[in-house]
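Two complexes come next, and they have one chain in common, subunit A, joined by subunit B in the first and subunit C in the second.
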Partner chain A sequence: MMIDARNVRKTFGTFAALNDVSLQIAEGEMVALLGPSGSGKTTLLRILGGLEFPDSGSVLFDGGDATKVAARDRCVGFVFQHYALFRHMTVFDNVSFGLRVRSRAERPSKQEIARRVHHLLSMVQLDDLATRYPSQLSGGQRQRVALARALAIQPRVLLLDEPFGALDAQVRKELRRWLRRLHDELKITGVFVTHDQEEALDVADRVVVMNQGRIEQIGSPTEIYDRPATPFVYQFLGNVNALPCQIRNGRAEIGSLVLPAPAYAGVSSAAGMAFVRPHDLQLSRPGEGEGALAVVHHVTVLGPTVRVELMMGEQIVEAETTRQRFSELGLASGQQVQLWPREARFFLRDGWEGTSFQSREELARSSAML
Partner chain B sequence: MALAISSSTTSLPRRSVTEPAWVRLLLIVSALGVLALFLLLPLVTVFGEAFSKGLDAYFGALGDDDAVAAIGLTLTVAAIAVPLNVIFGVVGAWCLAKFDFRGKSLLITLIDIPFSVSPVISGLVYVLLFGLQGWFGPWLKLHDIKLIFAVPGIVLATVFVTFPFVARELIPLMEAQGTEEEEAAVVLGAGGWRIFWHVTLPNIKWGVFYGVLLCNARAMGEFGAVSVVSGHIRGLTNTMPLHVEILYNEYNYMAAFAVASLLAMLALVTLAVKSLLEWRFSREIAAGTRHQKT
Partner chain C sequence: MLATKSSVIPGFGPTLGYTLFYLGLIVLIPLAALFFRAAGMGWEQFVQAAFAPRVLAAYRLSFGGAFIAAAINVVAGLLVAWVLVRYEFPGRKLFDAMVDLPFALPTAVAGIALTAIYAPNGVIGQLLRPLGIKVAFTPIGVVIAMVFIGMPFVVRTVQPVLQDLELEHEEVAASLGANRLQVFCLVILPNLLPALVTGFALAFARALGEYGSVIFIAGNMPGISEIAPLLIVTKLEQYDYAGATAIAVVMLVAAFLMLLVINTLQKWRQSRFTAN
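Our next item is the complex of A and B:
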């Protein structure tokens, strides 16, 4: 199903949970709503499911206005963060609930219900646990029951609220892969909420990054990671060094480091922030290349990669390098190295809070200048 | 309560926490002594006095017309008051636990009033409202409705006094359970009634049951409020506790204790049923109930 949310606003008391959010979701797409807690992502999901109603704006399902349609008539599958399984019902009764509550005219026969439930249970690999109660299941099993229950009514869209939030890392990873496979098989439109960027990048076709009730950026996982539109997205997705800088006539000065910033050619002088990913920082011996001098503060070896904490003046900078490069340089605490960002991006300080797309400009590709 | 405490202390490391033997002995003996003196001895006395003149006299006292009438009235009152309070309690708790609205805390306070007001006062309030000289007295008389010194007044007073039992039992339970299961049911297409019967009610049935037990015990045993509104008309408006008092005041100790023994047995049965259920369904109850004692 195609979903179209238009200019949705929602406030709880004085707290603006959603501030003019518009979002289109294509048929069969898997979309992640990614953001920190309080960003409005769960509220948006609940509005799509009909569990909350927007103060203004509208929600369209396949072009038809669904804004005021009650949750029970929306035909959506909703998976709750804590599963919300009916604790006094068996797994079978949980999954069949949505079919059993239908009016006599729409309700499938008993045999048909049993057939469908067992089909779903075998799909989630829980067929032999049909007579168990939720309290007798592990977290991962409960999650799969919740999913089977949501799918039993053949929903037009599947909504998942932090589906793997309460599970441990191993189970989470497994279920993630499994959900992705399931989605590829069923081709159902899906929206899930998460605060885990890895989960969003791994499972979703498209990621919607939210912050303070607004959408910061919408894009494919690669787009979001490689070309963050705002400082917020930069910092939320992956490790990044945020370095205060001064922008003057198309150049950015970070301490003694001067980088080209052609997008700001018209700016005579302004305070800004430079964003550099740790793995984009190139380390070399002093005098061997360009760049600013820094002192190694701390070294952490993480398997094949090495994380180096450096002091560049007063600023702590994190760099990531390979094990091989690390031994070539013979890095140790207190040693001086030269730093050069292969890639960096600059944002002006003005207006990076507030509307999200204001500071979108071309990526400064310092590497081309080398 | 006592069980929970003792089981948690035994799991602690022994040496560092345990007191010397004589201290333990002293504490245990004094606790048991208090228990025996103030709980067990009165109970034994009730039954001892009741059977002091033999079984025939005991059943004779219970078979007395006025005694039978009192027992009948008590059962009738409980049969009306308990179901009413189950309905009020479930509806009230559902409303308070599952929804947010203005004046919520005021409503919770209102539900608690019968606990904080002396039963005699609540009885008096009914007399002042519905008695002959009361606010609605003349109107009630004009329409030939008799509330005070009659059965309806007794029912009213009992309902008032036992009002909080079910609601108080359910509010914390329902608050702890939250609304997620109901939301899940809505999304799956269930309507309001179905959600209540198939999702909400099964989750609170043990809480309701506890509430009913406590409510029933109090409804049958209530003295103060009922005493004020009943008028003590033998064979008509005397409940069991009132009947016990009348017999006692007439120095008919044996008969008084015979009727009292029935009330004592009610208490014992209530406790036994409660313990049995707790033992039998401990896991299910633990899953839902955080017991708050009144």
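Our next item is the complex of A and C:
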């Protein structure tokens, strides 16, 4: 199903949970709503599911207005973080609930219900647990029951609120892969909320990054990671060094480091912020090639990669390098190295105060890649 | 033994000892004395005292009235608890506090007040009289007094459970297509059932033992509106201690059995879906 949310606003008391959010979701797409807590992602999901109603704006399902349609008439499968299984019902009764509550005219026969439930349960690999109660299941099993229950009504869209948030890392990874496969098989439109960037990048076709009730960026996982549109997205996705810099006529000065910033050719002098991913920092021996000098502060070996904490003047900089490069350089605490960012991105600071960033449209236009 | 020496919660010995001592002193010894007293009379004498037609009618009224009153309280109490928990309205705290009044009020006061309004010339009695309904001095009056004193038990047992119910369950049921009635009957009610049963048992037990408020409104006509506790008092006043204990023993055993059945049912139902 196609979903179209237009200019949705929602406030709780004085707190603006959603501030003019618009989002289109295509048929069969799997979309992640990614953001920190309080960013409005769950509120948006609940509005799509009819569990919450927007103060203004509208929600369209396949072009038809669904803003005021109650949850029970939306035909939406909703999965909660804490499963929300009915404790007093067996797994079978939980999954068949959505079919059993239908009016007599629409309700499938008992045999048909049993057939469908067992099909779903075998799909989630829980067929032999049909007579168990939720308290007798593990977390991962419970969440699979919740999913089967949501799928039983053959929903037009599947909405998942932090579906794997309460599970441990191993199970989470397994369920993630499993959800992705399920989605590929059923071709159902899906929206899930997460604060885990890895989960979003792993499962979703498209990621919507949200912050403070607004959408910061919408894009494919690669786009979001490689070309963050705003400083927020930069910092929220993956590690990044945020280095204060001065922008002068198309060049950015970070301490003694001077980098070209052609997009800011018209700016005579302004304070800015440079964003550099740790793995984009190239390390070399002092005197070899270009770059600024820094002192190794701390070294952590993480399997195949090595994380190096450096002091560049007063600034702490994090770099990531391979094990091989690490031994070539013979890095150790207190040693001097030369730093060169292979790739960096600059955002201007706003006005004189230098505390807030420019509006994101402007930033997107004026930011530049090296 | 249940508690091993390395239990996380210490003090099994002293606490169990204290519990047994306390229960013995406060509950078991007086009750045992009751049985001794009753055992002092012969079997025939006992049957005669405990199962005379007038006494049987009193049992019927006491147990039947308490049962009906508890049933009414389950419905009404659930409704009150629901409103107090689910809705915000001015004066909610005040209403919440009022629920406890039947607990605090001397029962005689409640009896006099109820009699005053339900008597044929009372505020409500006046309105009911043209309809041919007599409340005061009939079994209906007895039930009303029992409803009055039992209500807080249901409200106070259901309220916390209702408070802790997760809204997610109702939301998920709604998104699966259930209408409000289905959400209530299939999702909310099963979760409230244990609390409702407990509330019922408490209200029932309280109504069974109620004396003060009932005797004012009952009229105490032998065989019609006379409750068993009143019969006991009557016998005591006639210095028929053996007769009084005989009735007391029957009531005690019957009440104990009923509460035992209710609690066992509860446990059994609970164990079905919380066993791990």
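We take it that the second predicted complex is superposed on the first by the 350 of 370 C-alpha atoms of A that agree within 3 Å, B and C clash if a C-alpha of one lies under 4 Å from a C-alpha of the other, contacts with A are read in each partner's own complex, and residues count from 1 in each chain.
As a convention for this text, contacts are C-beta pairs under 8 Å (C-beta built on N, C-alpha and C of every residue); 3 or more make two chains touch, one makes a residue touch a chain.
The structure displayed is predicted, hence computed values, not measured ones.
When the two complexes are overlaid on their common chain A, residue A:Val101 makes contact with subunit B and with subunit C alike.
In the superposed model, A:Ala114 makes contact with neither subunit B nor subunit C. Of the two partner chains, subunit B and subunit C are each touched by A:Arg72. After overlaying the two complexes on the shared chain, residue contacts for A:Arg87 are found with subunit B and with subunit C alike.
Once the two complexes are laid over each other on the shared chain, residue contacts for A:Ala16 go to neither subunit B nor subunit C.
Touch criterion met: A:Gln136 reaches subunit C, while subunit B stays clear of it. In the superposition on the C-alpha atoms of chain A, the part of subunit A touched by subunit B in one complex and by subunit C in the other spans residues 49-51, 70-78, 80, 82, 84, 86-88, 97-98, 101-102, 135, 149-150, 152-153. Across the complex, subunit A is touched by residues 180-181, 183-191, 194, 198-199, 202-203, 283, 287-288 of subunit B.
Those residues of subunit C whose C-beta lies close enough to touch subunit A in the complex are 166, 168-169, 171-179, 182, 186-187, 190-191, 272-276.
On subunit A, the positions that touch subunit C within their shared complex are 49-51, 70-78, 80, 82, 84, 86-89, 97-98, 101-102, 133-136, 146, 149-150, 152-153.
Against subunit B, in their complex, subunit A makes its touches with residues 49-51, 70-78, 80, 82, 84-88, 97-98, 101-102, 135, 149-150, 152-153.
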